[in-house]
Each structure stands twice: as structure tokens, then as C-alpha cells.
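What follows is a pair of complexes built around subunit A, which joins subunit B in one and subunit C in the other.
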Partner chain A sequence: MAPTWPRLLPAGLALAALILGPDALSLAPNRLMPGAPLSAHDVLPGWAWLAVPLLALGAAPWRLAPLAAAGALLVLLAGLGAGAAALLDGAAPAARATLGSAAWVALAALAALVFWPGQRRLLAAALLVLGLGVLAWGGVLDGFSLAVEFRARREAVGAALATHLWLSLSALGLASALASLLALAGLASARLAAFFDALLGGVQVVPAIALFGLLVPLLAALLGAFPGLRAAGFGAIGATPALIGIALYLSLPLLRALRTGLTATDPAVIQAATALGMGRGRMLAWVRLPLGLPHFLGGLRVAAVQAVGLVTLGGLVGAGGLGALVFEGMSQFATDLILLGALPVVALALAVDAGLGAMERRA
Partner chain B sequence: MIEFDDVTVRFGAAEAVRGVSVTIPAGALAVLVGPSGSGKTTLLRLVNRMATPSAGRVRVRGEDVAAADPARLRRSIGYVMQSMGLFPHWSVARNIGTVPALLGWPAARIAARVEELLALVRLDPALAGRRPAALSGGQAQRVGLARALAADPDILLMDEPFGAVDPIVRRELRAELTRIHAATGKTILLVTHDPIEALELATHLVVLREGQLVAAGEAAALAAPPAPPFLRALFGAEALALRRLSLLRVEGAALDGPAPAGAPVIAPEASLAEAWTLMQEHGAPVLAVGGRHLPWSALLPR
Partner chain C sequence: MRPLPALALAALLAFLASAPGAAMLARGLGLEGTPFDTARLLGLAGQHLLLVLGGAGPAILLGIAVGLWVTRPSGAGRALRPVADAGAAAAQAIPPVVVVALAFPALGFGAAPTLLALALYAVMPVLRATIAAVEATPPDAVLAARAMGMTEREALWRVVLPLAWPAMLPGVRTAVLLAAATAAVGSLAGAATLGTPIILGLQTMNELLILQGAAATAALAFLCDAALGGLAARLTGGQGAAMQAGGDRT
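On to the complex of A and B.
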């Protein structure tokens, strides 16, 4: 078993944030004004301090530690929710109770304890998701300004999430097609392979925002020259430049993974396959592709997580998605709106990483 | 039948094989033997076009391999190599069925053939579902042999097939190969650097040194004295003498007239090596062979 003492770090951090942090919650007169900070000591109801013994159990070296940590997280969240509701009781309708930095630090540290590697995390994750569902459904979290913001923009967030997923998948599909072509071409000629590497490596050096900015006038000129493209649904801003730019970024990890997977096959196996009379096509389909699968899935995992992150920047060129919410929030200095866009991006990236990671281990 | 006709193979400036002409008759178990770097593996790989001659011709079943479709040619010739190259992502059964699958056999026929082959190479049918990683070295070698035999090729190429297994399993596999060769009558071309293994297995020997043919012919004839100095150096005089005995039959050497009473009895189809062993064990100078007799002096070369 892995040493247990590093888990004391997040546990200590959570405890310190709760006891010493100045702003567990803050109460603001409206969604844009900064609020007055209130410590955990000020806002948490007495029962919420049950989180502290649970936290100790969550840091202890025993089998149920992740479950205890999940319990601590849920109790703390419920306590903060109750505190927020109490603050808003009797305040003006526009007033907002916002989670402060101490609360975020404590919650994040507890989440780290729940998902600490080397333990049985699945049950704890299930408990956490179930508990969060119950808290949200029961209205316990309604007092948080984030929840208020979400209620006001529920449909926009749902649509942004769908767009985000669609853009990520499309970019991944486009990049996979491009990388497959380049990998097969590179298999035929080492010089060609080196050229593609240099080309895609060059793209990686350009910052994403600059690449999008470059693609917009380029596409505008292209659309000016071929107006038929515009009719076919391409635009100089929106999804087109975002997808092209993101696909270019994703092609490098995918190409590398494809090449590693295709060339990593044991030479004895290749020789045996040749001697048994397999042609190139059969060799690819029966031997090289299945034996390269773990490598391909590894590359796909890296690219998929990158895709979810990069699509966020697509919001800058009008592609929509959760990035649009983030940038709208930034322009309004509305922290809740920024979080409303950013939190699903983080959750999506973690879910994609975990899902593809599980597939990779099974392959 | 496999014919090499003045074959030379160059890799860059180096000549791996130089002007080799030799014919392997159908049904022979021919062993290519020689020190490492003597070009024996290259010669073997010419047969299924894994290597290409720079000059000269290679004919298999009377046809020039240069004119054959490589994939089709290879499917018609079994191939076993030291590192086996079993497909790690496939079960034993699927590994064995590779060539039949390439030839487009229906699944039921492949399954039946796999079962037959597991019995032929004496592998537990329970292993059929296992992955190669779960096999012992000897089992993996048997799977490699079964895979090579799957589509019932009349020619089998074996490149150091027993190099990776321990001496006991090695002896077992050699006996197995001799048995399979006798049972199937296939033409087998086997490469080894181990002279003892060559003498034990071969009906025909092809001896190579530095890419050139040193000697070729029936093993018994090559082993008979006076052996050329290079062969004596390669095989050792003792191994040559014993091998000659194991290739000759008692009935060919027995003399007319009955044996003295109490002489140990030996079957006429037994080898002279077995007769020699029996004489040693019993301290008997004469053996009884039916109504005839075999004195120890009959073991000497005539």
C-alpha cells in the first residue's frame, strides 16, 4: 500500500481553511458587487462541524477513508448551503451569498481526499454523486449565488454544454482523420513522417488564441474568393475556425500515438506474420492495429482532454460552447457566470480522462 | 522438392550466400548446419521469398519462386522460428488457425483442424483458449509448429526451432519432430548451429561455411568414414561414428547362421546404435536377429 502520510496534506489544508479562512461565504447586495466576507465560524450551523471528525476519518489509513472524505464533503456543503440560506433570509431579493475562497479550498481538498489514488474510489465517487444529487434536488444548495445564476441561465448552460460536447467530438473526429492519413503516409516514408512531425510541432508552438486570430482573416479571404463555401455552412467566425484550429492542435498527440502504436509491434511477430503469408492490409488489420490499441487509446485520451479545454477558447471566435459563458462572465466581472462555464469544463475533462483511462487499462 | 541453383545473396557489399547449388529431395528432413554467419538462415528464407537471390534461381516444387506471388507461396509453406512470433493478442486456437483463416476456410473447418493439430503436437486441448503469454516455452514451440502445419503444407521451414527451450524439452521436441516427419512425410528444411542436433534429426545434411556449401547429401553417407576434416571438426569424430550407427539397420548388417544359445535378441528393424547399446548392457559380443546373428565386428564400417 502507498504511504498514507501525503494524505495528511489535503486534510490539513481543508481544516486550516475552515478554521483560519476569513471567507467561507460572502454576502453581496447584488450579483456584480463584491460581498462582505464571513468565516466558517460565522456561517456554519453547529451540526456542520461533524465534517471535521469525518475529515479525520477520511485522512486515516483505513479502507473506508474515501467514503468518510466524501461524507465530510457532503456535510460541509450542506452546512454551507444552510448558512447561505440563513444569510439570505430577510435580505433584499437581489442579495447574493457566494462561496468564498476558504470554502472552495476546503471543498477541493476534500475532493482530493476522495479521489486520492491507490484506493477504492468508485464507491466513494458514487456516494458523492448521489449525495450531491440529493442536496441539489432537496434545495439545500439553492442559496448559493452559483445556483441562483444557474437557475437564471439553465437553458443557456444546457445548450452550451451540448455545443461544447459536439465541438469537442467534431474536432477530435477531424483530427483523427487527419492523423490517420498522416500516419499511414508516414509509415510509407520516414522523410514524410519527419516533415509532418515538424509541421504539427510548429502548430503547437503558436498560442491557440493567436491561431484562431490567424484563421479568421484567412478564412474570410478564402470565403471571399469562393462564396460557394459560405452557402455550404462555412464561416470566417464561429465553428469553422475553431474546429480547424483545434483539430490542428490535436493532430500531433494523435499522430504520435498512431505512429508509436503502429511501429511498436514486436519485430518477431511482424516477421511471423509475413512468413505466414499476410499481406500489408491483413497485417494492419489483424496485427498492427490491435497490438497498437493501448497506444492509440492513450493518444486519444490526451487529445480528448485537450479538445475539451481548447473548445473553451473557441468561445472567443464565436463558436459557442461553455467558453462563451466564461468570456461573457469575464466581460461582466460576474464570477458566478465564469464558474458556471468553467466548472462543467473541468468536470467534462475529468470525466473524459477517467473514462478513456479505464478503457486504456482494459485494452 | 527444393532446388538451389548457383544462388548468391548479397546484403550491400557482404555476400551471405555464395554460389550454392543443392537439391533437397521431397520427403527429406534436411538440416542446414554450420557456424553462425554461415548463411544457413538466409538460404532457408530464400525458399519462401523472405530473402531474394542476387543471382541464381530457387525452385520449389519445380517452379521458380521469383515468379510466384509471395503471400500465396508463403501460405503454402510452413514456417517456424526460434522467437516463434506467436500473436500475443490471439488465443492459441486462433494462432494455429492463422493460415487457414488467410486461405478463407469456413470457421467449422478451421476449428476441426485446430483440434487435429493440438493432438498431433500433443498439446492439451484445454490450452486452446489461452493466450501465448500463459504458455511454457515448450508449449509455445509446439503451438508454433502446429501453426506452421495448419494448412497442411508439403514443405516446412524451421529456423532454429528449439533454440529457446531447455535441454530436456529440446530432446523431447526433437523426438516429436522425428515422429511428425515420419507420420506426415513432409519435406522439412531445418536450420541449426548445433551439430549434435543436426546429426540426430537429419536424413539429409547441408553443411555451410562462410556462405559456401561444404558438403551435402544423405546423413548416413556423410557420416561414414572417412569424413572430411571440416566435418570431423564440426561434428566431432565420436558423434559422427555414433550417428552412422544410428542410421544403419540391424537387418542390413546381420550375418547368416544362428547365434549362440543365450545371446540377447534384437529386432531386425532396430538401429546398429541400439544393437551396440544392447551389447554394452549385456556384455554380449553377439546378438540374435531372428535366425541370423550380429557379431560386434559387423558394426565396423565395411
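On to the complex of A and C.
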């Protein structure tokens, strides 16, 4: 087994946050006011300190360490939930019990131990997700202000998630079409291929916020000149600038993946296929495409992860999605609303990365 | 991108961002709004650059140091190697704007959340490039150096680093460009950067202001790109082509 001392870093961080952190929970009079900080000693029920021996087991060099870390995380979360419920018991209805930075640091460090590269992390992740489901279903987490905010905005969060997914997929589709066209044009002429590379490479240098910002006035001018476009559903603000901008960014990784995937075929394989009497079309369908699949999936993974992130920024130009929740939360200084937007983005990005990464390795 | 066209693009965009250039473009496009003062824009550009250097500079050095440490053939740092890989992959998946947003409630309004995100996102590409570059050095060269009686440390300084550092430069380029982009996003959390006019313009639907901020932000990015490309070409004497490999962005 590989040396495991680095696992002591997050374990120590989690322990320090629990023992020394001033704000495991805070009790605020309402959703926007800052609360009074309470340490883990103040709020955790006795049984929740079981998380500490579990944490030690989670850092130790043995086979079930990731499972122990998942257990520690679940026990700590349940303890914090019980603490929050106790705080709210008898408080005014508008009062909120919010997870403080010490709790977030401890939870994030424990999550790092669960997802640590190594064996049994899939099992531990499954245990964690299952446990979270049980805790949420059992109402243990209901006291957290995040859960209160979610109940109040359940529909908005669901709609934002759906918009986010839809925009990501649309941008991915648009970029795939563009990349395929450019790849075909590039096959016809090497000079053209170099030109497209330089163009898309230049776009990559422009920060996304600037590209979206440039597209807004340019589209406004275009829509002013051709009012028919506005009637067709295009707008200077909204999904149009976001989708155009994102598709431009995603085209480069997709174009590169297409090109490497199509040209990476071993010449000996091509010769063998030619000897078998395959024509160009069958060669493409039976040899080049299947052999290029890992490259295509690699490019798709990079592009899909970027799409999730860039759509978040698209919330800035009115495209909606989870970014809109984040930015609304930031403008109100409402931590829970920021988290409601940001946590699904993180989960979505990591899940897309892991899912397509697994497919890429299998292909 | 090659340094010279990048520099030309930066100059063109900077002109469009300046008050007279923006006014000219606005007349051409039929946009409305009051232009931002050029001097104020230059001040914001200075603050933007300061934030990038202050956040990304130390982080780049840290990324190189950690990258060298985890690739040492002997030593405790090797155990960190898989962790560094996983961390870099996770950081690449999570968009910087989310990190700014998550740090915002904890660190408050101002430059602090942006600095944190800048530092985090500058470490990772440099760390990854350093690991890849060191691992790509021919083992024979290191073996020969050790056989000549060099200590491991001498071999690092006199053989591995001179061979590896041109391949580390693309990581630095990615880090700086990512930092320039992240700093612009940081104006959402109250950092004074070239993103400020974009956000202000979007809030008040002042299209001219959006245009100026966006052109200035893009100009700064192209300027950084040209400067790094030129530096790399000068330092490596033509091997700077590696700098154009571009690649990962978020």
C-alpha cells in the first residue's frame, strides 16, 4: 500500500476545525442577519463526538479507512443537525441555524478523506450518498438554514438545475456541430486548419466574462439592425450571448479531439483494412471512429466540464441556470442562496468529470 | 498565440476600451450609454494587474516547489503525488467563479475571496505542468549525472531543471491567463478590477460600459499572453513554440 501520511493532513484539519473552530453553527435572528457563532463544544450532542474516533480510523493506514471517513462525516452531520434542531427549539420562527466555517472545513476535509485516490472510495462514496439520503429523508438535516432555504425555493432550484443542464447540453451540441464543420474544412486545406486553430486559440485567451460582455452590445447592435431576429427569439441578454460564447470556447477541445481521434489510427491497421477491401466510408465507420473513441470521449469530457462552469457564468448575462441563483445570493449577501446555486454546480462538474472519465478509460 | 499578433490585438482592444474609441464604436453600432473615463479604466487595469501578480505570483512559485518536491525520487513528498493529481483534476472541474462565490460569505466583500481563488487556480496548472515536465526528463540524463558523482540535489538543479523548465512554461501561461480571467470575475465579490465596468454595465444595462470593460479585460489578457510568449521565446531561444500549445481553461 502506498504511504498514507498525506491523509493525516485533512484529518488533522478536520480535527482542528472541530476542537478549535469558533463557529460550527451560528444562530441568526433571520436569513440575512449574521448570527452568533457557537463552537462544536456548544452544539454537538455527546454521541456526535463518536466522529472523532471514526476520523482517526479514517486517517489510519487500513483497508476500510474511506468507509470510516464516510461514517465520521455522517455522524458529524447528524450531530450538527441535532444541534441545529436544539438551537431552533423555542427560538423565533424566523431564526436560522447556519453551518459555520469550522463545520464546512471539517466536512470538506472529511469528504476529501472519503474521495481520496485509492481503493474502496467508490464504496465509501456510495455509503456517503446513501447515508446523506437517509439523514435528509429522516428530517435530521431540516434544522440547517440551507435546508430551510431549499424548502422555500425548491421549485426555483429545480428549474435552475434544469436550465443549467439544458444550456450545457445545447452549448455542447452547438460546439460539436461547429467543431465537426471546422474539422471537415480543415481536412480540405491545411492552411484553413491552421487559421481555425489560431482563431479558436485566440478566443481561449479572452476571459469568459469579457467575451460574454462583448457579445451583449454586439448582439444588441445586430438585433437593432435586424429586428426580425428578435422576433425569432434571439436576445442581446439571455441564452443567446451565453450559448454563442460557450460554444466558441468548447469548439477548441472538441476540434482537437476530433482531429487526433481521426488521425491517430495506426497506419498498419489502415493497411490491413485496405487489404480487406474496405472503402473510405467503411474505413471511417469500422476503423477510424471506433479507434478514435477514447480521444473523442476525452475531448467531450473536457468540453462538458467547461460547459457546466461556463453556463454558471452565463447567469451574469441573464441566461439563468444555477449561476443566476449564485449571483442573486451574492447581491443579497445570502449565504444559503449562494450555496444552493454553487453546491449543485460543484456536484454536477465533478460528476460529469468522473462519469465521462470512467467512460474514456473504458473505451 | 504568437506574441506579435497578440500584442496587436491587445492594442486594438485597448483603443476600443478607451473613451474616444468606445464612443466611436458606439456611434457605429448605434449603442447608447455614457462612456467610462479612460483614466479610471487605467486605474482599474492597474489594480487588476496587481491582483493577478499578488495572487498568482506566489502561487506559481508554490506550484513549482510542490511539483519538484513530489517528483523527487527519494523523499516523503512522493506520497503526495496522487493527491496532487486528484486535487488538480478537481480544481480544473470546479469553475473559479464558484470558488469566489463560496469564499465570499466567509471572507467578505473586497479582494480577499478573489485572491483565494486566484491562488488556488494558479497553483494547479503549474503543479501539473511541473510534474509532467520533470517526469518527461530522460532518466538516462539523470542517471549519467548521478554516475558523475552529482548528488540528487545537484542533479535537480543542473540537469532536471534546465531540461524541464521549457515544458513548465505552458503551465505558467495557463495560470496567469486563468488568474486574469478570475480577477475579472472577482469584481462580483467587490474586487476593483476591469470586470467592474462589465458588472456595472450589466446592472444598469449600459451597453457602452459593458463594451469598454470587456474590451479592456480582453486587451489585458492578450497583453499577458504576448508578454509571456515573448519572454518564453527569448528565454528558450525558439523553443517557445511550446507556449502556444494552449490548452486547458475553465
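Things worth noting here:
The rule is simple: the second predicted complex is superposed on the first by the 352 of 363 C-alpha atoms of A that agree within 3 Å, B and C clash if a C-alpha of one lies under 4 Å from a C-alpha of the other, contacts with A are read in each partner's own complex, and residues count from 1 in each chain.
Criterion: a contact is a pair of C-beta atoms (placed from the backbone, for glycine too) under 8 Å apart; a residue touches a chain by one contact, two chains touch by 3 or more.
What you see is a predicted model, and the numbers here were worked out from it, not measured in a lab.
Look at A:291: by the touch rule set out above, it reaches subunit B but stays clear of subunit C.
When the two complexes are overlaid on their common chain A, residue A:317 makes contact with subunit C while staying clear of subunit B. With both structures placed on the common chain, the touch criterion links A:68 to neither subunit B nor subunit C. Of the two partner chains, subunit B is the only one touched by A:275; subunit C is not. Of the two partner chains placed by the overlay, only subunit B lies in contact with A:266; subunit C stays clear of it.
Contacts of A:356 after superposition: neither subunit B nor subunit C is touched. Ranking subunit B and subunit C by residues of subunit A touched puts C first.
Contact residues on subunit B toward subunit A in their complex (touch as defined above): 48, 50, 70-76, 79, 81, 83-89, 98-99, 102, 147, 157.
Put simply, subunit A touches subunit B in their complex at residues 266, 268-279, 282, 286-287, 290-291. Remark: subunit A residues 2-6, 101, 104, 115-118, 198, 201-202, 204-214, 216-218, 220-221, 224-225, 236-237, 249, 252, 302, 305-306, 308-310, 312-313, 316-317, 323, 326-327, 329-330, 333, 335, 338-339, 341-342, 345-346, 349-350, 352-353 touch subunit C in the complex. Taken together, the subunit C residues at the contact with subunit A in this complex read 1, 5-6, 9, 29-31, 76, 78-80, 82-83, 85-86, 89-90, 92-95, 97-98, 101-102, 104-106, 109, 177, 180-181, 184-185, 188-189, 195, 198-199, 201-202, 205, 207-208, 210-211, 213-215, 217-218, 221-222, 225, 244, 246, 248-250.
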